Amino acid sequence: MKRFVVFIALAALAAPASAATQAEAEVALAAAKQAEAEAAKYDNRWVPAEAALKAAETAVAQQAWDTAVAEANKARAMGLRAVEQSKEQETAWHDAVIR
Amino acid sequence: MSHRRTVRWLVVLAVCLFGGAASPPDSSTPAADQKAFQDYFRSRFPGVPFADFANGPYAVDAAMRKQWEEIMQFPPYDFALDEGKTAFAVKFANGKSYADCFANGGIGVRQNYPYFDTKTGDVVTLDLAINRCREANGEKPLKYGTGMMASLTAYMAETSRGKSFDIKIPDDPRAREAYEAGKQFFYTRRGQLNFSCASCHVTAAGQRMRGDILAPAIGILAAFPIYRSDWGSMGTIDRRFTTCSAQMRSVPLPPQDVAYRNLEYFLSYMGNGVPISGPGTRP
Amino acid sequence: MQFGSADYSPNATTRRATLRLLALLGIAGTAGTARADAAPGWPEEAFHQKTEADAVKTLYGKPFEASDKVTLDAPEIAENGAVVPISVSTELPGVTTISILVPENPFTLAASYKFAEGTLPSIGCRLKMAKTSNVVAIVESEGKLYAASKEVKVTLGGCGG
Amino acid sequence: MPSTIRVRAQAGDTVTEVQALIQHPMDSGFVKDSNGVLIPPHHIETVTFEHNGKIILTADWGPAVSKDPYIKFSFKGGAKGDALTVTWVDNLGKTDMLEAKLA
């Protein structure tokens, strides 16, 4: 549950900034890609994060900067959350082992 | 549960002692893991004969079992099985065949897969062995997951029915590493839904997830490849792993990714003693 | 990851088989007409009805009554709505047809079987169910219709196994 | 190409039990593909079973019959070696036939 609250809060932060510029969209997209690349190192890219990243790329191609920023921020937020989850799991998984 | 709390404290202690390294080695051995794993499912499902874990959800749910028995009167994998049998006998362009690549001509060997190859230093699944065989003989590899790969593994499984999983972990640090990696993958939560393999197939095993009964992890690979009504077609272990990942909202890894192979290695080793029942049918 | 489905290519679209089927269904010589590409004698209209009453009316044109002499075996909870094993049998004499209806499906009539003399009035099959529904078995015995029904629950699948 | 029809027919003392499995997509026309496009209906309409040339069962099927359909029934008489012929035709006019011997 707590995760969802965090996720929703992050998603809210990612609410579209009005009249974003191309530069802002590209910065947001780069940050999202970086977060997803980090998550990939843990074999833990989230399906909706990838979907948002694709949507952001499409929006950039269509020069829809507001949408691009919003989707990229969403992807980045989820990417970071996935990395956080994986780091936590690096030790937490031991807890679940049948002994 | 005080036992659980004790375990947790031990883990915390271990993490402190080992400085919380990326994946601190578990002090237990594969053999001890296996015993604990099997004991867990035996006591969790006391009415289920051990060999019956080869039948996944049908081992633990009587109403589903009845429908399965009806399906098994004429199982829909029959076409794939025949296709696999025929294809298995076909010679490659160089005159050799699959039989030349496997012990005992490939008949009755499913239970020994995956194995750790000390020459290549990696886990070799049956599917990978089939493609390595093809490539060694100048043939193109088959697509993983479904189609002909499912048909061939169906035939090879069928010739191995009743033979118990007999996975070995050779005395090679790389084999042990592969095992540990597979174990970690099994218990690690990932994806947006924050599930691990164990969340469904240990903790919630035998319970309903939406309309389906979750299969116990023990022996869960014995029935593969399977015809799933949900797919309306055959699927291999790769197909199941990738769909499991996607269901956890985690982007699936490529079929036969080293992480999936290690997972299969761990999971099959946990199921040592469960007889091969594949090919199978599942909802 | 996208996995393709099995390749279906009913190969034997042979002229011989087609002609044989046409002959079997008693319409030899009609090959080449507009409907020659569909199964002659297939009760198309009945299969397009959306209610139990309409399907029975279109197929049989007569009423039916419930009977405990019709045995319908179906699961209480379908393990997958795509494949629900159903069987129907009866001890009634002179059975000429057995039909199976799923009123909550888009089209109610699922299957209809015609029995020759000497064929036992018992049938097993696998049906698709879109959602929880009654399954209705209708047996035509000595010209009269008798029915049995049972509810089958269909839940969302796609997880276990 | 292998047949789309699989039959198991065992002649007993008084009755012969027949089971058949047919490889067919049985697309209902109500399901969309991965691109959201409706898959057109493609299903078997009629299956006919003959014993030594005489029709013993006719099955009329709508799109609600499961993919790779299965059917089970029994008939009186029938001896080992008798001919059992199974023929199906679908809504696209495709058809297949199998001649089997009773076991």
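The first chain written gets the first letter, and so on, giving A, B, C and D; residue counts start at 1 in each chain.
Criterion: a residue touches a chain if its C-beta (ideal position, glycine included) is under 8 Å from a C-beta of that chain, and two chains touch if they have at least 3 such contacts.
The model shown is predicted, which means the values in this text are computed figures rather than measured ones.
Give the chain pair, either B-D or B-C, that is connected by more C-beta contacts.
Comparing B-C with B-D, the pair joined by more C-beta contacts is B-C.
Roughly how many whole angstrom separate the Cα centroids of chain B and chain D?
Comparing mean C-alpha positions, chain D is 34 Å from chain B.
Could you please state the distance in Å, as a whole number, between where the Cα atoms of chain A are centred and where those of chain D are centred?
51
Quick one: report the Å distance separating chain A from chain C, using the average Cα coordinate of each chain.
Distance between chain centres, rounded to whole Å: 50 Å.
By the touch rule stated above, which residues of chain D touch at least two different other chains?
Touching at least two other chains: 23, 25, 66-67, 70, 72.
Quick check: what residues of chain B touch more than one other chain, meaning two or more?
73, 79, 229, 232, 246 - these are the residues of chain B that touch more than one other chain.
With chains as vertices joined when they touch, what's the shape: line, ring, star, complete or other?
Contact map by chain: other.
Flag every residue of chain B that touches chain D in the complex, lowest number first.
Chain B residues touching chain D: 73-74, 76, 78-79, 82-83, 86, 229, 232.
Which residues of chain D touch chain C in the complex?
1, 3-4, 15, 23-26, 28, 30, 34, 45-46, 48, 50, 54-67, 69-77, 87, 89-97
If we count contacts the way the header does, which residues on chain A are in touch with chain B in the complex?
3, 42-50, 78, 82, 85-86, 89-99
Could you list, by residue number, the parts of chain C that touch chain B in their complex?
Of all residues in chain C, those touching chain B are 1, 3-7, 75-80, 82-85, 87, 124, 126, 154-161.
Given the complex with chain B, which residues does chain D contribute to the contact?
Residues of chain D touching chain B: 2, 6, 8, 19-21, 23, 25, 66-68, 70, 72.
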